[in-house]
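Naming follows writing order (A, B and C), and every chain is counted from residue 1.
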Amino acid sequence: MHDIDIPGALHALRAKRPLVHHITNYVTVNDCANVTMCIGAAPVMAEAEEEVQDMVSLAGSLVLNIGTLSARQVDSMLLAGRKANELGIPIILDPVGAGATPYRTRTAQRLLGELDVSVLRGNAGEIGVLSGAGGKVVGVDSQGISGEAASVAEAFAQKRGGTVVISGATDIVSDGRRTYLIDNGHAMMAKVSGTGCMATSVLASFCAVGGDHVKASVSALACFGVAGEDAARQCAGPASFKIALLDSVAALDPSTLEIRAKVRRA
Amino acid sequence: MHDIDIPGALHALRAKRPLVHHITNYVTVNDCANVTMCIGAAPVMAEAEEEVQDMVSLAGSLVLNIGTLSARQVDSMLLAGRKANELGIPIILDPVGAGATPYRTRTAQRLLGELDVSVLRGNAGEIGVLSGAGGKVVGVDSQGISGEAASVAEAFAQKRGGTVVISGATDIVSDGRRTYLIDNGHAMMAKVSGTGCMATSVLASFCAVGGDHVKASVSALACFGVAGEDAARQCAGPASFKIALLDSVAALDPSTLEIRAKVRRA
Amino acid sequence: MHDIDIPGALHALRAKRPLVHHITNYVTVNDCANVTMCIGAAPVMAEAEEEVQDMVSLAGSLVLNIGTLSARQVDSMLLAGRKANELGIPIILDPVGAGATPYRTRTAQRLLGELDVSVLRGNAGEIGVLSGAGGKVVGVDSQGISGEAASVAEAFAQKRGGTVVISGATDIVSDGRRTYLIDNGHAMMAKVSGTGCMATSVLASFCAVGGDHVKASVSALACFGVAGEDAARQCAGPASFKIALLDSVAALDPSTLEIRAKVRRA
């Protein structure tokens, strides 16, 4: 049992159609743009230092995804992020590959240190490394969750503030006080490049509506997971799964979410 | 009624298979490459200052799309564009997001000022801003058309020369003297990221064959719109629509275009 | 008849799931990531000079693909490549568009000159130019093979060392001593952007397992070709073909490969 109005959150998102500003990697950027549209928001990708402050000022939320980071891109992330903080626009950070190289770990730590990040979303390995709990990252698509992940998320959220999300077979959302587990989703989601990045974009879309970030995160992950379940029934392999996943996000029926969302308090 | 030989234009394009040089954004670049191949041309993406002049010299047309612009990329656009002008190779400019930030507006204006742009293609908001008629751009995927758009396109084309194209439910093509309206297409095209960019690539493919740019633009938009109508009958949502759209572009049957193209003089 | 255990190579790849580090173009990078996952390896894309040496140290192989090269990216390729050579990690070079501009040709030659490249994979035009045999490149997707391509591959491999692969209707793999021809594949593969880049990623996945590069290359191209044949039976056009191609790569059944692989010694 839980106390989050997921159908209402999706209705509100579709009604508002907020702009979600992404500074993200060039591998999965098209998937991020499309999933943002499918869930009901409007994506914009922009990373020139000449415009990121203006662009983020128009947005409901800012995604920072370090999947293919560069020194210049990190500068733009900091510029956009400071402006977002100044205006109270939530920042969602996806620390792709943190732990894989010192540069990625250091950059994720720097963004967390210099910006007020509303939601940090990664897999168990990435969050493990950033929280100091340890972690092992094989590839940027690696998924896996340890039994202690919920307490890692909770403790890290308490320590740094904001919301921490660990994606895996069971997704975890915690602000250090409230911790939710989401059991939606499908194993096919780990067979395709970009589902982690897409989860971050969906999450940012819900956060762009305003309101509580824990509730927005739980709503986002439940919706994305339910869409994954629908997609798995229609696909012939990983690539047709991704197509069906996007179609299923667009086709999400709020009236079924109350029954289908598998959300519980930890 | 109209006087444009659309089937003939598509036949000529497929027979010539011209090279279309793109300097474009990293969000929809794969869609642009594939739609260019599907319509019958050969795409090449290259933006290093060391090679853009050589590359454009091999091409039948040059696409400049500012969707994820940077200072370095704009320099390459100017280098390639000046060479294209020198060689009489048509430039097609897609001012993605003009009006959203001053940098985008300024850059689009600079490209229009320093280069001889053969065709400027955008949505009503982008062209509204650049023409001075005003405009409001919510997201880069926003589509919408005002009743006065045709006169905006006409007046702007008269003022600056070249052809102006405004995409929307009804597409508008004008060189200030002749103005055409195209009623093909489908509402699903606004649900997917990249259909605007893809329209620009198709348009550039037709312009690369040589000949009149108004006729090439009308032919391109009618073909792309007819493919959109075909795709809408085969899809389960936005992502499968995009796949069907590309397949439908490749499957376009010239012999049906004379009947299916909904083209009229304004 | 041939002496290569293709089913065994695919089994070993899927069992090891090696990391394949890509420094590649932004047009087809998503296809490369997904085909790498579908064949059974783990892709990572990283090109910041701050991290490429660390990243390649974790990898089983390194892909260098110059499809959208820049001066900065070439510097990163050299940094990563020297580290790969130092650690004995195989480098797979895809000289996209060599011959189209002097910069591309020069850069491909520089990478071949400064790095020990294990496998060079391109189309007949690209390899023709680099080997000095001559070549004509119309677009980066152009495919075509001359009757003398096998001897070009053989002679070039003898001269420079390593393995040379020429993709086409018949693929050629030679290390100068052994030359194999692979007759799998389908004409649809030339209708989609990125199948050449994807072939390179599949090839790098097999090379990342360790062992003989000629055998790995032949196994990779036979597998990718068989998947292409499967995909062609399920598609409605180029875009649905690409989706089916990725699904078919993931669905490859090792037990059928011995019969379906059309491999012969030249």
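By our rule, contacts are C-beta pairs under 8 Å (C-beta built on N, C-alpha and C of every residue); 3 or more make two chains touch, one makes a residue touch a chain.
No experiment lies behind these values; they were computed from the predicted model shown.
Participant: Between copies subunit B and subunit C, what's the superposition rotation on C-alpha atoms, in steps of 5 degrees?
Facilitator: 120
Participant: Answer with same or different: of all residue numbers used at the interface between subunit A and subunit B, are over half used by both copies?
Facilitator: Different residues, largely: of all residue numbers at this interface, under half are found in both copies.
Participant: So the centre of each chain is just the mean of its C-alpha atoms; given that, what is the distance between subunit A and subunit B in Å?
Facilitator: It comes to 33 Å between the two C-alpha centres.
Participant: Which subunit C residues sit where two or more other chains touch them?
Facilitator: 26, 30, 242-243
Participant: Looking at the complex, which residues from subunit A come into contact with subunit B?
Facilitator: Touch residues, subunit A against subunit B: 17, 19, 26, 29-30, 33-34, 37-38, 42-48, 50-51, 54-55, 58, 234, 242-248, 250-251.
Participant: In their complex, what parts of subunit A are in touch with subunit C?
Facilitator: 25-28, 30-31, 67-71, 97, 100-104, 138-142, 191-194, 235-240, 242-243
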